[in-house]
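In the two complexes below, chain A is the common chain; its partner is chain B in one and chain C in the other.
Up next, the complex of A and B:
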């Protein structure tokens, strides 16, 4: 589904990604771990198309098509979803309006009819249950005044509504207490399907107790320096990163 | 040789032409003087008014138009108005019901229509306790009311444009709310400039008297049907008596090539509440003054506004809140959205007099620039002479949040739709403060529509 080859990316003059190779198949969950500043979030942002990053080398194929040529909104319409590490506050736009606009834009791109506000309300009633969110949150401005946990839940809610084929969770577990973590993990698991895939970017092994990955990758200095099965995450938790060749600071 | 001389002569003639067309403030003041004297000669108005007008004309003539050295006009160059010779407006035609429905956003209000500054259609079927007459009829009747109140709040001495208005105002609405009257339907004053106002100036003058514990909503709309370049110089004087509650909305939707100066001067007695909203999208150059005096204990003022301009438009708001009495709250929020090469100006003054203890004043002005060429000058001012007060003020000028734009795009919302949503969101909180629900919805729709294309 996703083929990343020799991906290099800069922010300003600074090279952050220095030759990433990663292949993700439908139905899989991949965890990307690594020390601070290794380029994990950059990888997530580049895949979503953040304009601040410049791809200098390499290719990313999504279902065989050149992902890097697509605008961020086109990527979303094609089924890519990034759960932000720091979800953005948008005062003045209600969660319901925002999400319905996104949902309908994606439906339009697929040539499907849009949902009116009432139909959308029914959909929301079902989806808010997945993340145990109070329906009243839908009438508040997007992420505005939300607690850290509420913001992360809101990201998963958006994911539940938009039903992406490839979800990228950027440190969605950071700063969550265990209850919120379980809610987020349960949400991700509930949305898992044989034809979609998830990349979980995380700093901690803890989340992987609840979302079991098929593959674990260690990212350091802008490269994937080691890959393995789910047991690699446990080993990282125990031994840190310094034992891996190429990962030392 | 002779060709060269011809050319020189031609240049000389062109210079002479330029001088004879006399596009100078002095020449336009002289033209106003000639128009005034002519009207005065044949005037049948009461003596007191004629002498008052003469003195207003003298004040205007001697003071002239304000320059940018004048503190109150520092960011607004009034030259396009000062150098333009506007004629007196011709009589207008009736406004079609279709045009009116558009102006009224399809609402059923107590509507009074003025075309080119003259009453065209009085309101029918007013409820008990509400009287609306015209300034012209009050003058003709030489009423005590007009004698006591005309240009007494917004005096000719207070500024060039109030002086000009006092000299030339022939019509406008006189609204009286009897004590304890509660008027449910909004009162809508519509000032239409039609083809007869092209290259002309009109000087509407309204008076509003809200007696004790009365309650009403007044809307003033300024619109064009057919006219393009014209000048509206409006004055509205408002007296809000003890415990009265008045909502007063101004919708400045003049032609994009028009000039508009509007002064709103309010006097608030104790326990009164006055809510004002200034919505400005029209005119090439506009200046709106909103001045209120909190003269009685615990009077409350709420002044809000939204200006939304584009192209070469210039929009200027000046507000002044005089806290004279103690225990008065005043809250003010003005927002601006500026696109193209437009220029916004906000100057908000809050004066807290020595006796005005326990004043609670809050003032803010936030601006959103949608283009690199758009500009804003904002100057919130606080002058406090009392020692037990709570006052805050602040101003911001910003652009659309790039991270929010990316966030929306990453959810499938295209750039233009995302910009539109964020722009709308910027205006949402000030529109939210509008207490008249159908108007709020209409203006929200207008803001959305503006950013759809």
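Up next, the complex of A and C:
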């Protein structure tokens, strides 16, 4: 589904990704771990198409198509979803309106009919349950004044509504209490289907108790320096990153 | 500025066409003779001519104000045509007599004067250049005793009302532009809602400048008698021309005991091209007087047009327990300049005012909020709340805030909040990541920013305003 080859990316003059290779198949869950500043969010943002990053080398194929040529909104319409490490606030725009617009835009791109506000309300009733979110949050401005945990939950709600094929979760577990962590994990697991995939960026092994990854990768200094099965996460928890060749500071 | 935003910020002005109608214009320039001519063309009673001449003589002694944060070439007042009227407009018995060319012009603007196709529940008075070309729904309104007609007709048919209220809120000597307007104004809208009557529909005036080199000087006078209420909307457009045209209007609102007037403006005069050439100079005096107890006057404005806007819709809170409100969205793009805001003058006890101003600057636009809150000694327990937010789109625009506060009674409560934000690349990216186009994203972000103001517009026009904002900022709003 996703083939990343020798991906290099800069911000300004600074090279952050320095040759990433990663391949994700439909049905898989991949965990990406690694020290602060190693480039995890950069990878996520580059995959989503953030204009601040410049790809200098390498290719990314998504279902065999050149992902890097697509506009960010096209990537979203094609099923790529990024749960932001720092979700953005949009004052004055209700969560419900924002999400319905996004939902309909994606439906339109797929040639499906749009939902009117009432039909959408029904859908929301179902989806807010998955993330155990109060319906009242839907009438508040997008992320505005949300607590850290509420913002993360809201990202998962959006994911549950938009039903992406490839979801990238950038530290969605950071700052969550243990109950919220389970909610996020349930959200991801509920969405799991043979034809979609998830990349989970995290610092904590505990999330991976709930979301069992097929592969775990260590990103350091802009490269994937080690990959393994789910046991790798446990080992990292115990030993840190320094023992891995190429990961030391 | 990001290229996504930049491409959004540039869109053609859709109302820039010129309508070919024969006009009856007088020569350029201003003198007592010109004023006499205007007055006689309009067949006015003596009190009107005297009032005009008084204003003119006063104007001659006044200086153009330059305290606004605005920059422009001097205006040559002798090079302006002070009266231009479509020839076909003689006193009309019905709308059937309106020149079809004019009806078509209004249709193009999306305003139907045709009775069959009239907007549901909205009465429209259409002002073309200097004169009213037609007022719809008159009969319906007259059932309630409501007078809604052109100013000229009001002078003919209700001279006592005009004489009684004209200039009581904005005197002929008020300021340079108001004095000029008093001297030469050629038409406008007039509305009187009698005691106890709640006007059953929205009233609306649509202003259109068509001729070249004319100034447009309308005057609107709205009176809500005791216990009456009315909601009024004004819209404006002008053709695309590369010279600047002057628009110096005056609006006076009067609310007597327990009366309320809601006045909404969607201003979309031609703003000039992307280089800053041409466009309307909009120097307008709007003021309301809460003359009676428990009265209320509310201004809502969405200002997206004009090369220059100089405008401070104000409320004099004279009656005890009266309320004044000002909700404003002002958008500047390209080289537009806006210096706008409000004045709330608290005179009566327990008077309350509420100000919400949203300024949006894009391109090289320069947006200033200027607001005065004045609490006079007798105004015990006066309250004011002011919220003043600016949004910047790009790096070359400006936003400024000039609050003036004067408190002469220490029981007053005043609150002031201000903020400046920038539409960020990150906000737009977030929306795009959810599948929305850049255009949709900017439109959504800006609408969100303006939400509190749009909520105060009559339903029918909230949507229009939102779309207008989209067009003005296209490349930055939708």
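In this section, the second predicted complex is superposed on the first by the 249 of 249 C-alpha atoms of A that agree within 3 Å, B and C clash if a C-alpha of one lies under 4 Å from a C-alpha of the other, contacts with A are read in each partner's own complex, and residues count from 1 in each chain.
Note that in this section a contact is a pair of C-beta atoms (placed from the backbone, for glycine too) under 8 Å apart; a residue touches a chain by one contact, two chains touch by 3 or more.
This structure is a prediction, so every number in the text was calculated from the model and none was measured.
**Student:** Looking at the overlay, does A:72 come into contact with chain B only (first), chain C only (second), both, or neither?
**Tutor:** After superposition on chain A, A:72 lies in contact with both partners, chain B and chain C.
**Student:** Regarding the shared-chain residue A:93, is it in contact with chain B (first), chain C (second), both, or neither?
**Tutor:** Touch partners of A:93: chain B and chain C.
**Student:** Once the structures are superposed on A, label A:27 by its partner contacts, choosing first (chain B), second (chain C), both or neither.
**Tutor:** Touch status of A:27: no partner.
**Student:** Overlap the chain B and chain C contact sets on chain A and report the shared residues.
**Tutor:** Touching chain B in the first complex and chain C in the second, residues 48-51, 71-73, 75-77, 81-82, 84, 87-93, 97-99, 101-102, 105-106, 109, 141, 158, 162 of chain A appear in both lists.
**Student:** Provide the residue numbers of chain A that touch chain B in the complex, in ascending order.
**Tutor:** The touching residues are 48-51, 71-73, 75-77, 81-82, 84, 87-93, 97-99, 101-103, 105-106, 109, 141, 158, 162.
**Student:** Can you check the complex and tell me which residues of chain B touch chain A?
**Tutor:** 401-404, 406-415, 417-418, 421-422, 424-429
**Student:** Which positions of chain A touch chain C when the two form their complex?
**Tutor:** Contacts found on chain A: 48-52, 71-73, 75-77, 81-82, 84, 87-93, 97-99, 101-102, 105-106, 109, 141, 158, 162.
**Student:** Sort out for me which residues of chain C touch chain A in the complex.
**Tutor:** Where chain C meets chain A, its residues are 2, 4, 424-427, 429-438, 440, 444-445, 447-452.
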